[in-house]
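Here the chain labels run A, B, C, D, E and F in written order, and each chain numbers its own residues starting at 1.
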Amino acid sequence: MRVKVSRQAHFNAAHRLYRADWSFEKNQEIFGLCNNPNYHGHNYELIVSVTGEIDPITGYVMDMKVLKDLIKSEVENAFDHKNLNLEVPEFKEMNPTAENIAVVIYHKLRPHIEADKDIEVVLYETPRNFVTYSGN
Amino acid sequence: MRVKVSRQAHFNAAHRLYRADWSFEKNQEIFGLCNNPNYHGHNYELIVSVTGEIDPITGYVMDMKVLKDLIKSEVENAFDHKNLNLEVPEFKEMNPTAENIAVVIYHKLRPHIEADKDIEVVLYETPRNFVTYSGN
Amino acid sequence: MRVKVSRQAHFNAAHRLYRADWSFEKNQEIFGLCNNPNYHGHNYELIVSVTGEIDPITGYVMDMKVLKDLIKSEVENAFDHKNLNLEVPEFKEMNPTAENIAVVIYHKLRPHIEADKDIEVVLYETPRNFVTYSGN
Amino acid sequence: MRVKVSRQAHFNAAHRLYRADWSFEKNQEIFGLCNNPNYHGHNYELIVSVTGEIDPITGYVMDMKVLKDLIKSEVENAFDHKNLNLEVPEFKEMNPTAENIAVVIYHKLRPHIEADKDIEVVLYETPRNFVTYSGN
Amino acid sequence: MRVKVSRQAHFNAAHRLYRADWSFEKNQEIFGLCNNPNYHGHNYELIVSVTGEIDPITGYVMDMKVLKDLIKSEVENAFDHKNLNLEVPEFKEMNPTAENIAVVIYHKLRPHIEADKDIEVVLYETPRNFVTYSGN
Amino acid sequence: MRVKVSRQAHFNAAHRLYRADWSFEKNQEIFGLCNNPNYHGHNYELIVSVTGEIDPITGYVMDMKVLKDLIKSEVENAFDHKNLNLEVPEFKEMNPTAENIAVVIYHKLRPHIEADKDIEVVLYETPRNFVTYSGN
């Protein structure tokens, strides 16, 4: 009986989408408003899901409190109220698109969750734009 | 053409998470605030999805009205405004975690839906905590 | 320039609606399913609003972090994961309807917020049922 | 690294569920209120997801702006503020159930998105009723 | 202690915005897409609030179940799955704008609620467009 | 018959809360994480309401399309994907708190709406923090 347990969290951050090796015009053409050199920002909503067997002793796949604390220590502390380009090492050389942020979050969480459990990361950049990554 | 049709429903209930064969201290350590012997409660939001072929005559996989009524008779009538530990037989000996409640709901619905259709149960215990079970 | 600042919080609790001086039948007639002697429960969503002048130095009516912490210490710590009838003194003799809970929350917060600021309490008992109290 | 990117859009439309080759009574029995000959309507919420590899140059699976514009040109312009039965050719002979609308949307988008990318269409007919189609 | 109690309900309907005494062109200029002669539709979300004193016996301003049933009998039964222009007498000669629908709902409910209680009607035509009427 | 019509819009922006005439330590003490010199950001949700008489000819208080376009030209174009501190003149010398942003939005809209109509601005900085300003 594999069940998926999901926990929603959130963080606020500033970012800019661009490539340092492109001209401003080329960045503007590809990234439009998101290329603002002064940055813009989002309230990111994050849903982390962990799929595994229900522990017959506790009835839990994973204690939601543990999952909540793990998201806090690994993701919120690293990203919340930060400038993703300037203050998060993973994005020093990688564009902080929603896709790339989701992949980074996946890899920050993966070592802390047992290997026989699957992880899925859903990241809302806005209420109408979101991405999903499951490690495949 | 397999399509998934989903219907959202809800019920309110009280519960307590604990094991009768553990000491109060052990229960407190594992279940924390959820071990309150006087119970606490939730507004559970429930999404039941049924996946199958579209009937070419009606254009329906399953009449949503039928699915709504089935959730009402099998789940809401059994759980709504109830104390899950004391009044729902399935939880007399099983901890009413979100995971276990989702599995119970799945098995209450399974006999009433044609075998060639898949069922998925998503259960929100709070707006930020939810679980998913698909019978596997 | 009076501005209203609002902060949303939440707590889960069990309760029962009834009067000890009425028969079970009378309570059933008036309170229906809410009279379940084994209790039921809710995820209460709470919005506390404070209206006052913007401080020209900070640009704040009230620091949201302070309001958040106040709601935590005065309301969440008292109500979260509790049985309102048995564990919250205000409801020992008063029916824990949404209306009465909102009034109690108002009076728990009032002494901690400056007298020239207005307070409004909105309490969602379910996503479709909610109440508003402003101290009048 | 396959990531799913999702974009939410919406349109309002009127429709009637019925079969022209059935009697009014038969339609009423099967489709109930949805058989109203004067039509009724919905605010449809639509989530289109595209799954593919992240482009290492841009960090995008697909530019959300492009996806937004594609949904606008192919779906919103065809369905928004329309009577689905009378004004959308696909439903001249096919019942505009949520299931069939989702399949039609899938096929309207499929030719405009690269073949190695997967598409999923989620369509909310009401906040509590929705369907999902992925082309299988 | 006056408290406002609120209940959310919903109905689906088709409508057309236009004036019979105007040309099609004039209607198109003023009402745009909403002037579609074949109708379009919405999922209307409705919040009815009643403000009054808390009854010290029950702790209720008004039994939410009674309010829910009143909205069902007076509003949902009259509007749900209907064509507002053709099937709701109030809109035979009055344009079914959100503003006018809210006023009509107010007047349908007013006689059924005690005169010393205030009523407020909030009507969402879409998730982003809504109106409020309080009888003044 | 005065009715309030409301339109929801949104914009994304970066900002920093601080006073240039305070030390970094003093700003840190008062504004905490919001004082990040590299900025952070939000998805701001904005609800603008206009209260006035229903025009008996059209049934509108104000055409929602006109209100939507006005919010776009006056607010979204000025704030969306911008750094509020660096790129919005009103915040060159004024702290871009939610309170101050709401007041600025009010004054940007006021000249474009007839004087006998009231305006209310609700601004969500996060889903749990929001402010309301009505010009008083």
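Worth a mention:
Please note the rule applied: a residue touches a chain if its C-beta (ideal position, glycine included) is under 8 Å from a C-beta of that chain, and two chains touch if they have at least 3 such contacts.
All values derive from a computational prediction rather than experimental measurement.
For chain pairs D-E and C-E, the one joined by more C-beta pairs in contact is D-E.
Centre-to-centre separation between subunit E and subunit F, using Cα means, comes to 28 Å.
Subunit E has its Cα centroid 41 Å from the Cα centroid of subunit A. Shown for subunit B are the residues in touch with two or more other chains, namely 127. Chains that are in contact with each other form these pairs: A-B, A-D, A-F, B-C, B-D, C-E, C-F, D-E, E-F.
On subunit D, the positions that touch subunit A within their shared complex are 1-9, 49, 54, 57-61, 63-65.
Against subunit D, the residues of subunit A that register as touching in their complex are 17, 19, 30-32, 94-100, 102-103, 127-133, 136.
Residue ranges of subunit C in contact with subunit B, taken from their complex: 10, 12-15, 33-34, 36, 38-43, 45, 80-83, 86-87, 126-127.
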